[in-house]
Every structure is written in structure tokens, then in C-alpha cells.
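Below you'll find the structures, each written out as C-alpha cells.
Two complexes are shown next, each including chain A; its partner changes from chain B in the first to chain C in the second.
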Partner chain A sequence: MRFLILIALLLLTEGSANASRIGDVGEVDAWGQAVRFFSFQDASLRLALAGALLVGLNCGLLGGYVVVRRMALVGDMLSHAVLPGIVLGFLWAQTKDPVAILIGALLAGAAATGVSSLLARTTRLKPDAIQGLVLASFYGVGICLLGLVQNLPTGAKSGLDKFLFGQAAGLSGNDVMMMAVATGLSLVLVGWLYHDLLALSFHRGFGQTLGLKMGLLHGVIMLLTAFAIIVAMQAVGVVLVSAMLIIPAATAYLLTDRMHRLLGLSAVLGMAAAGVGAFGSFLGNNLPTGPLMVLAGALFFAAAFLFSPRHGWVTRVLRQRRRRARAERENTLKAMHRVLEDHGLAGVSVREGVTLAELSAQRRESVGESGERVRDLVRAGLATVSQDGHILFFTPAGEQRARAIVRNHRLWELYLTHAASFSPDHVHDQAEEIEHVLGEETVRQLSRRLDFPEVDPHGRPIPTVDAIHGVGAATEKGGLGYQ
Partner chain B sequence: MMALCGLGVLGQAVGLNGRLAATEAVVTGGMLDLIPAFDWQKVVVAPWTVDIGLYGWMMLMAFLVTTACGLIGNYLLLRRLALVGDAISHSVLPGLVAGFLIFGSLGIGPMLVGAVLAGVLTTVLIELIHSHSRVKADAAIGITFCSLFALGVLLINVYAGQVHLDAECVLYGELSHVPWAEQVTVLGVSMPLPVLVMGVATGIVALLTGLFYKELLISSFDAGLAAAFGFRPRVIHYTLMAMLSLVVVAAFESVGAILVIAMLILPGATAQLLSTRLPVCFGLSVAHAALSSVLGVHLGLWLGCSLAAAVVVAGTGLFGLAWGVSLMGRRRVEIESGSA
Partner chain C sequence: MTNNEMPPALELHDVSVSYHKKPVLYGVDMALPAGSLAGLIGPNGAGKSTLIKAAMGLLPVHSGWVKFFGEPLEGVRKRVGYVPQREEVDWDFPVSVMDVVLMGRYGHLGWLRRPGKADRRVAEESLEKVGMLPFRDRQISNLSGGQQQRVFLARALAQDSDLYLMDEPFAGVDAATEKAIITLLKEWREKGKTILVVHHDLTTARDYYDRLVLLNMRVVASGPTADVFTMELLQKTYGGRLTILSDVAAEAQRAEDGVKI
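Up next, the complex of A and B:
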């Protein structure tokens, strides 16, 4: 990250050419443009890219806090509410002096925050209404002031429009310098106050008991956010700047559960979106940078929304389906075990098979359905079928699994009747659910608690640990013929 | 009647503006030339006499927009959907562009279809993100409307040659840019087409809020009870959102995407500061709409800035007034209860 700031500072020495879009300068041949992009020849391109990356980094980092604190639309409010401040700053300095504009904008942002909290304290308006109200009325005042400035004889509106739509290509060295300063400040403060901010974000009360000044910290993070928004507005515009705060951070929020990783990831995603957006807008003549940055971010978000390893929608659906299929397989194995047990053969000889008819009777389903289950078991390597397809044998792994499940089931039944005083005829359904979930360690504890029982409440034997783990060894030694 | 009402509030407007000008002059020091001289003839008299043909329609237009938005806005506030209004006002943009590109015209039909579809799509996407991931509702709103708005701006840029939508017009909107010249005659009265369209939209909104008053009321305050009555809260929700998109589109041309949020929230918020009864709130919202549009047009004429923004500024002023009144009321209650 420091490296990037260095690059940005180096780039500041270059002059800047004002092109309305990054791609305006040359021919529209996409391939040629791509080559030009990666050769980093143009000064204006380098400035624009540095600016975009800095904005992505800064907004991504601060967005992490905004999103976890459920203040996502505060960014939206601030970005609109600073408009009157920007215009007044411009008016005061009579030029587009970034420092004056920044001061004006920060003051307006502070005023907006102050008015919101005052409204929240003194009226019964809901927080969302207050946000929308402050946003729109400050913005209205800003637009009105903008009109006044444009009427002035001196009021060459020079570049104030830039704040509304943003022009990454029109960034000057000074603008990028401001972005670098804002980003550096955010990095330093977030690094320095990381633990305090963690307390602020997740447990204000805890932070207070530690003696931290929560109000002050809130002010610091809001000020940083306002600063980030103001400098970023020149690159992406007033509406889309809140996207740069929210989208990378929400994407990171779907990918990790740890705050430091979330911040890092969010910053990286912000930069990636900014880079892709800048590159994309360089490819064609009519492609504005800001919207492309946001859309690139939205694509990342969509990918995370669907395929995030833990929180993705598709991933979760697949995981559920896998779990259901596993439970189904285990139930079939259990039924096979039960049939063999009824024949007095369970654990005696794995060479004995179960007919399809017996299995379907045990599972109370049609032979066709059972055939489906058997195919599933064979595919999973838990059972084999005789030549004619009617008799089913355990594989060693299948037998082991079947015993483990039966053991889980019967131990849980016993635990419920003994420890929780359930009557024996009320425990089956619960055991049916939990047998697929119990881990090995839990089962061991259960068995110890129940003093290594041998029969369940219904008088059926509980397979022992040795019986489960012994099977595999025995099979290997015995070299059973059905394989 | 209208003129009388207008004259009644004029004195107040002048007082308010005068004070505003004074404070600004103090604050900004050397920027006295920022506030144009107050020309009584041009600002106050002309709109009601010589130029009534233009400014009368503008005030009516502003009033219609603010009323329609205010009526829906009351429900948005009650249902804590104020920011969904914000979202939809931005995300109808790609719908407008898509409607234009598919049907190839800027007619009212394609625009409305595109916008209503975009509005419903926004609602569906927000719900989808919110209910199928751990992203919170506020972030879901932000993601959805920013992405859709970005898509809209991109489409406008790519098809710049074909689409007449100007991105700036979308953001600002401007009462005086509305095509006032297109006249249509309805019932013997010749009126500008945009006013007719907005009038119809406002009429539909008023009619629907009137017809389904009970359903909206119950489902806003107690969704469970509404469901028990068989009102189908989801249908009501989506209908409300479709209605919102319709109003937003109809208002687009005159006020723009961002200022429409002010129109949605300000009347309702002002009314709810002053009353706890919904019918009273509706009345107050309409009054707020009327006052702010008349005051706003005068303010805009005086300052020479965007009339739509001036209407918002006037509305903000009225909100401030209501806030002050409600604060004083509260203090009086506190004093009375303290002494008793």
C-alpha cells in the first residue's frame, strides 16, 4: 500500500492533459488502446489510474467500517450534503482551489452530520427519513448556490460540474496529491486506531468501559469518510462515490468473517474495481470511468454473492443439497445394517448381502426408489451390487459408515432416555435427525457419559468403537472376495 | 382563490428571503454581489400578472409533483422506506434508457413501462440481496441503486448519439426546461402537455391512496394484521413501489433524480412533525406542497437559480419552521408537565 502512495507521489511531478475521458486521446482500436494502457506512456493516463487506485483503496478501507456499522447510506448522505460546502468554498477562494473546497466541504459534511443527530434527538422521525431529508435538502441548497455562482460575472463555473459526474481523466496533479494525502491519512489512522475502531464497530459499550472516547472515534471515522468522499467525488461523481464505499466492502463482508481481513480485502477489491474501470474506459471512446468502476465492483459483488465459499448463495444451496444427499445415503446404509441385524448377521459376516426387496421394505419405499438409492451408494463407493442387480453388499467403508451411524443413533436414544428422561418411544425421531450431525468426539463423550453401554433403550446392540474401526482392518486382512 | 393564497404567503416569503440574504451577506463577506438585488416587480408581481401564462403553469407543475411525491412519501416514511425512495429515484434511469432503446421513442408509454419495470426490479434485487446473503438492508439498497444508476449513465454515454436523455438533466432537472410550448386542449382548457401528464399521475396517486386508504394504513402499521385480513402485504408493497416509480418518472423532467427525494420526504416529514393523525398529515403535506412550490418559484426567480432547487430550498425552510414549532410545542408541554 505504501508502495502505491509512492507511485502516486512520483506521478505528481508529471503535467496533466485534460481529456474528458481517458480514452479520448487516441484511436479507438481496442487492442491498440489496451497496449497503450499497459505501457503507461501517457501522463494523463498515469494520473488518472493513480487517482482511481487511490480512491479505490481509500474508499474500500473506510467502506469496511461503514458497512459493518450498518451506515452504508451515510456515505450517500455525505456525498450529496457536501455540495453546498464545495460551492461556498469555491466562491470564497474565487478559484477551484482544492484546499478551500475541501474545507468548505468538510464543514458542510460536519453540518449535515450535526443536523442529522439533532433531528434524531429532537423529533420522532426515523433515521432513514432523516438521512434522506438531510441529503436532499442540502443538495437542493447546493444546486441553488451553484446556480448563483454560474450567474456571477467571475463565476466561470470551471470544473464545479466535475463534482457531479466525476472525471478520472480530468484529474490534475493537485487532485491526485489530495487523494494520496487522504489515503495516507486513512491508512495511518486506521492502522493506529485499529483496536479502538474495532470496539467502536462491534461493541460500543465495551469500548466505553475500556475508557475509549467513542464519540471522538466516531467523529474521526466520519471525518475520514467525508474526506475520502470529497476527494473521490472528482473521480467518480456525487452519486457513485457511495458505491465505491459500499460495494467493495460488502463484497469483502461476504468473503471473510475477520475484520482485518475484511478491511484488506475490501481495499484490494476497491483498487481492482478502480483499475478495471479505468482500463475499460480506456478501451472505447464513449466509456465513462466512474460508472465502469462501479459496474466492475458490482460484478465482483455478484460473484461473491453467488459463489463465496461460506456465504455464497449457490455455495449454500449446493452445500445443503450435498448434506441432504449424504443423510439419504447414511439412511440407506442404516437400513441395510438393520436388515442384516434382523437376520442375525450384522457384524458377523460382511459377505452376506441385502436384497433390494428387503431394503425397500425396511425403508418403506418402492423398489424403484430403492434402486435409485442403491445406485447412489455404489457411486459413492459405499456398496456393491451383485451381477443381476438384486443383491446389495457393503464395501468396508460402507459397513464402517453404517455402524457409525447406528452407533450415533442408538447412543443418542440412550442419552435422551437416561439423561433427559425421555420415554423410549419418543426418542427415535430426534435421533433420526441428529445421527448425521454428531461428530466423533461428541459420540465418544456420550459413550463415556453413559458408561460404555452395549444396548439401546429398545434392546438392540450398540456397535462399539472397536467394531467400527476393526472392520476395515479385518477386511484388509481377510481380503474379502466380493471386491 | 389560488392567487389570493399566493399573495397571502408572499409577505412571508419576502421576510424569509430578506433574512436569508442578510445572514448570507454576513457569512460570505465580500460576496454581496452573489445575491441579486430584490426586484419586487420582476419577482413578485410579474409571475402573477404578465407572465402568469408561464409561471402559473410552473407553479402548478411544481405543486403537482410535490403533492404526488408527498402523498406517497407519507407511506414511505411510515414504512421506513425513505431510502428505497432514494434508490428508486436513481435506478429508474437504466429503465428509461432501455425503454427508449427498445421502443425507439421518447414517448410517455415506453418511458413509463421501462421505469416501472426498473423500479420493481430494484425492489426485487434489494430483497434478493438482503434475504439471500448476510448483507444488511442498507448496504443492499446502496449496492442496487448505485449499480443500476452506473449502468444507466454508461448506457447514456454509449448510445449518446441516439438517446436524448441528458445525464445532467437527469441529475438536476429543471422546471424551466420542461417543454412548455407543447399545448394540448382538454375540456376546452389549453394546457401544456407535461402539466397534463403530471396532473394525471397525481390524480392516479391521489385516487389510489384514497381508494386503498384502509389497506395501506393497516399494512403500514401492522403487516401481520394486514396479512390476517387477507390484504397481501407483498402485493401492496410492490404496487406502492410501482406507483413510486411512476411518479418519479413523471417528475424526472421537472426536478431530476436527486431533488425528487426531497419532494418525497420533505412534505411527509414536515407533516409528521406537526401531527400524528394520517389524514391530517395528508392535508399538511398538500399544504406544504402548495406553499413550497409557490415560494420556490418566487425564490428561484429572485436568485436566478434552478427553480426546482429553489422549490426544495423553500420546502426545507418550511420544514425548519415546522421543526421550530414542534420544538416549542414540546418545550411548552415539558414546562406544563413540570409545573403540574
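Up next, the complex of A and C:
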């Protein structure tokens, strides 16, 4: 949608090839620049932003395939290898004509691909070495040619140096048009051939046995990628354009495990990174756009790495801590249950209390530590404390949890001694761990499997299902280890 | 089940295949009558997987030809299903169990290139058959080896082919799954399907298959299990008598490619 609006916007503004430097005002402060940026009044700014977003979308989308097909190095090779073609295209047209540059770049890209597959077929070199070799050679040639052109009278003001690190501000209407065409083509083909491309990416050989035209599909996706790289070059630069293929897709890869979502997310992340990059470049008076886009993308990646809901590092640490805290609460509840049980009062009445001293003796810790645990229980709504703070009572929810955890523990001990022939003195520590993670269904299975037992291997009663579920469903948020 | 008027489900004639310049198969002749459940056995490096891949057109064939139901593969692709080894795919790939099984239907897609309701129904039924329907929305890396293999079988089932070439479907699979798989394969045979299975375990080969193909670079023997599963033939297959042939053939190949020997 956003893409369509941008296209419309683009068509409304007339081709403004002359107004190429958007940050030229120079003396304006950052805030003023930001206001200018978001007012979208500047035609060349609109062009630059549209171009950046198109590039981000296209690279993000195709990058999804690059990453899942483990072809990140191929993207890198291709992006560097087109440089000589760009310069030769310029020399041929004697001006920065996008079509000439596109043709030159495509030819250089094809040459690089040809050389690498020739090397792969005729030598024992492995793909990474070949790609590194071709990348560096072509890039070196490109840099030399670029140096030569810069010394020519026509070349000095060519703006070709912008191809190295990218300058979104320098985009012309024609450039952006090409980006729109490239992006539109990718969207249409990926949308149409989504399933064929999925087969290609997942297992090329299998797709081939189905009669799908794998070679052709591979060619299509590679050509789209080459096209995307070449039109992106002006905005992102040769050096970093492959990052726009890889970083958004790698970020999306951390966040989802379905291909269609990965592609969508990667495209959105690409646009976000490109937009932020263009904005940063504008704020900083035409800093090179490419590095800023990549920086933004890398920040998104870092955020995903740390906070991804499933695999994020911080998320995992927090989840672990929550789980430990819950296990601690459950252990305290269990200790309370045990004290009452020793008094012969377990399950008799919620009204019976446990003193802090009894609890700390049961848990083998200081009264101070126990006090801490008690406060935790009270906060979680699992227990209440008498006015003087010395006697502890279960809430109905707390009692229910205590019974459930004791039941888990004793059932597991029984299961280990019966089914896995552990001796009774070996099972306690095992059960201490397992009791917190047994799910409701597993507990039911255990109970059925053990023929609804009443006592554990140590002769203590196992709380029954009725005793647990009779009180009414009240479990702490997150449940009894159902995660 | 053998019917002399019908062409064999799979026929290889004088097939030679080289892999990284080393000959792996050398003048292989083989015919598999329709309706058989056959095991392809031989020592490591005998070329079992290569034979299947070459037949499916995944490896270039040096010489000879392969026919399916009397025709080249191109004309009968939909009648032939390939079940690759589990290691061949990246199980971290972002797809669900259902996505993978639906791939079995990709040979049937129309110009919109999109699986429809009917395809989904077939995929679901296939998952049901292998007992994997409850896992339909799981990402595939969260599956055990046996479950992964069942997913591949469900995909093959969704293809609805007449001949299946399976590369080690029992590798790394638990006993329960192995039993489930062989039961399923026997069921397919009863429905008239033909199956060729790359198999490693000699102790079960005799019970599982009605025909065996003994392979070691060449087909040592091929026929009904009772005739082929003999001490002598097995020894010939596993005894490494063909090492000379293998060495000489490799040298010949190198000479042909202009590599200095």
C-alpha cells in the first residue's frame, strides 16, 4: 500500500532532475531539517525518500531468498562485481545515463557469474574462495576505472563516486522510475511464483523431480536480485548494497519461522532501514546514505537479537528468571504444605497457619530469607500474613498450587521408582526439578499410568485431583509450569 | 504381480554415472516390475543413492538410458515420486509441516501457481495417514527424526504417484516409525504402487521386500528376495571384488579428462 502511495506521489511530482541536492541549505539546524523532512514539501527530498523506500522494499524482499538459500556471499560478489560495468556504461554514454549504466552493470554481473561457475567447474576451489576472488578482482578493476574516469574532464563532475557509498539525494526521476520498475517486477514475480520459489529454496532437487523449471526459476530470482542491486547502487552504494539484501532478511529470520512472513517482514524492515538512512543522511547534510541505512538495519537486527519474542537473548534471560522465581514460590508453598502435613493438618482447612519459624526450619534457611519469600507469595496472591507478620496462611489459590506441586513431585517419584526402576532414595532430586515443568496433561497421564496411586514411594499421601481442582480454577498467571 | 505385457515401472539400461570424476555406476542394467516393493542394497559407496538420483534426472548420466513405465521421465513425471534423504534439506528452513507436504502437490499447480482447497485436503489426508496431522502447523525443526521422515512420506503420498524411489527412509528413525513406514509401504504395494527403497540393514531386508537389487557399482543380482538373498550373492556384493574395476575405471576417466595420472 505504502508502495503504491509512493508511486502516486512520484508521478505527481514532475521529474526534477536538476534539483538534485536536498540538503544544500547548509546552515539550518537539525530540528529545522527534520521539520523539512517530514513536511515532504521538497520535491527532490520526496524523490530521495521514495527511492530509498523502493530500494529497501525490493532488497528486503529478495534478500529473504538470498538468506534462506545461503547465498549471502553471492549477493556480495554480485554487488561488487558490477562496479566496472557501471563505469564502462558511463564511459560509453558519456553521461550518467541510467540505462547505459544498467546494461554495463548487468554485463559485468553476468561476466562475474560466468567466471565463478567456470572456476567452480574446472578447479577444485570451493565456492567461498571463488566468490572472494571474483569479488575482489572485479571490484579492483572497477575502482581503477573509476579513478581514470575521475581524471577525465567529463568525469570529474560525474557523481560516479556516489556509487561507492550511495547518495539518495542525488537520485533523479529516472533513477526512481527504474527502482519502481525493479521493485514492481519483484513483487509481481515473487507473488505469482511464491510456491515455485519456495520449492527452489527448500530443496531444488525435489522441485526438479516434480518437473518444476528450477534452472529457470533460479535464473529469474538471480536476475531480479542483480537488477535490484544495480538500481539500488545509486542510493546505497556498491560497498554496502549487499547489506541491504542480508540484514533485513537476517533480522526477519530471527523473528519468524514461516517463509511468507519472513519475506513480508524483511521487506518492511528494509523500507524502515532505508527510510531511516535517508532521513539521517538529510539531517547530516548529505552524509553518505548507504552506511546510514546499514547502520539503521544493524540496529534493528540488534534489537531483534536481544528482544525477539521467541529466541531473543534478553527475552530468554527474563523468561528464565520468571521461571526460577515461580519455582521458588512453588517451593515455598510446598514447604508450607509439608509443615501442615507434619501437623496432620494438610488439606483440613485453609484457616490453619504456618509460622515463619516453621517455614524457615523446613526450608533450612534464615527467618530473614523466609520473610523475603513470604512477601513474594503475598504479592502473587498465594498467601496472606497475620497482622504481626509471623503467621502465614494459604489463600485458596495458594493452597491449590501447593497441592498441585506436591502431587507433581510425588507422582514423579512414584513414576521413576515404578516405570524407570529408580530406587526410592534416588528420586527426590529429580522430582525437585521436574515438578515445576510437568504439564496438566502429563500429570493426568502419569496418574492413569500408575493406576491412580494414593501414596508416594516414601509413604506420604499424594493429593488427589479433586483436592486440587475442587477449590476452583485459580492458577498463577503463566500456569503450573505449562510453558 | 508381475505382468509381462506391462512395461517395467523402472528400467535402467547400461547406465553409467560419474561423480566428481569418479565413476560410481558402471553399465547398470535393471528392471523393476510394476507392483513390487523392492529393496536396493549394497555396501557404503556402492552407488545406491546415485542410482536413484540419476534415474530421477538429478545427476547427469554418462551413458545409457532410464525409462519409467516404458517412457522417458519427462512424459511421466507425475507418476514418479522421489523421497530424498533427510539430510538433504535444511530443517531450520522457515516452513511448517503443512507447507512441506503441500509441496507434493506442486507438480499439479495451474497457471496461478497456487495450491487450492483440493490440494490442501489431499495434504491433510496424507498427514492423517502418517499420524502427523496434529503437527501440521509446527515448524519442521521441532520434529524428531522419525517425524521428519513421516513428513516426507506424507509429501510422497500427496504426490499420488505410481512409482516411488526412496532414499534411506529408515535412516535415523525410531523403531515405532520404522514399523509404521514399512506397514504403509506394504499398503501402497497392495494398491498397485511400485516402490524402490534404498536400504541399509541386511537383517530386515529379507522381511521387508519382495524383491531385492544388490548393487556395488554394478547390479550384482536383481530378482525376487528368495532367489537373490543368498550368502554367495551377498558376499559378492559386499566382498569388494570389484575394486579393480573401480580403480581402472577411475583411471580411464581421468585419462579421458586430460588429467595427468
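Assume the second predicted complex is superposed on the first by the 353 of 483 C-alpha atoms of A that agree within 3 Å, B and C clash if a C-alpha of one lies under 4 Å from a C-alpha of the other, contacts with A are read in each partner's own complex, and residues count from 1 in each chain.
The working rule: contacts are C-beta pairs under 8 Å (C-beta built on N, C-alpha and C of every residue); 3 or more make two chains touch, one makes a residue touch a chain.
Being a predicted model, the structure only gives us computed values, none of them experimental.
K.L.:
With both complexes overlaid on chain A, does A:P288 touch chain B (first), chain C (second), both or neither?
P.N.:
first
K.L.:
After lining up the shared chain so the two structures overlap, which partner does A:S137 touch, if you call chain B first and chain C second: first, second, both or neither?
P.N.:
In the superposition, A:S137 contacts chain B only.
K.L.:
For A:L212, is the partner it touches chain B (first), chain C (second), both, or none of the two (neither)?
P.N.:
Touch partner of A:L212: chain C, not chain B.
K.L.:
Give one of first, second, both or neither to describe whether A:F452 is in contact with chain B, with chain C, with both, or with none.
P.N.:
Neither: A:F452 stays clear of chain B and chain C.
K.L.:
Scan A:Y253 for contacts with chain B and chain C and give back first, second, both or neither.
P.N.:
both
K.L.:
Report for A:F202: first if it touches chain B alone, second if chain C alone, otherwise both or neither.
P.N.:
second
K.L.:
Given the touch rule stated above, what does A:W192 touch, chain B (first), chain C (second), both, or neither?
P.N.:
second
K.L.:
Looking at chain A, which partner touches more of its residues: chain C or chain B?
P.N.:
Partner touching more chain A residues in the overlay: B.
K.L.:
Once the complexes are superposed, what residues of chain A are shared between the chain B interface and the chain C interface?
P.N.:
In chain A, positions 70, 253 sit in both the chain B and chain C interfaces.
K.L.:
Using the touch rule from the top, collect the residues of chain C that touch chain A in their complex.
P.N.:
53, 56-58, 74, 77-78, 80-82, 84, 88-90, 93-96, 99-100, 102-103, 106-107, 109, 112-115, 139, 141, 159
K.L.:
Across the complex, what residues on chain B touch chain A?
P.N.:
Residue list for chain B touching chain A: 28, 31, 33-36, 77, 80-83, 85-86, 90, 129, 132-136, 138-139, 141-143, 146-147, 149-151, 153-154, 157-158, 160, 167-168, 171-172, 258-259, 261-262, 264-266, 268-269, 272-273, 300, 303-306, 308-313, 315-316, 319, 323, 326-327, 330.
K.L.:
If you look only at chain A, which of its residues touch chain C in the complex?
P.N.:
68, 70, 192-196, 198-199, 201-203, 205-212, 253, 256-259, 261-262
K.L.:
Mind listing the chain A positions that touch chain B in their complex?
P.N.:
Against chain B, chain A makes touches at 67, 70-73, 75-76, 80, 88, 91-92, 119, 122-126, 128-129, 131-133, 135-137, 139-141, 143-149, 151-152, 161, 164-165, 238-240, 242-243, 245-247, 249-250, 253-254, 284, 286-288, 290-292, 294-295, 297-298, 301, 305, 311-313.
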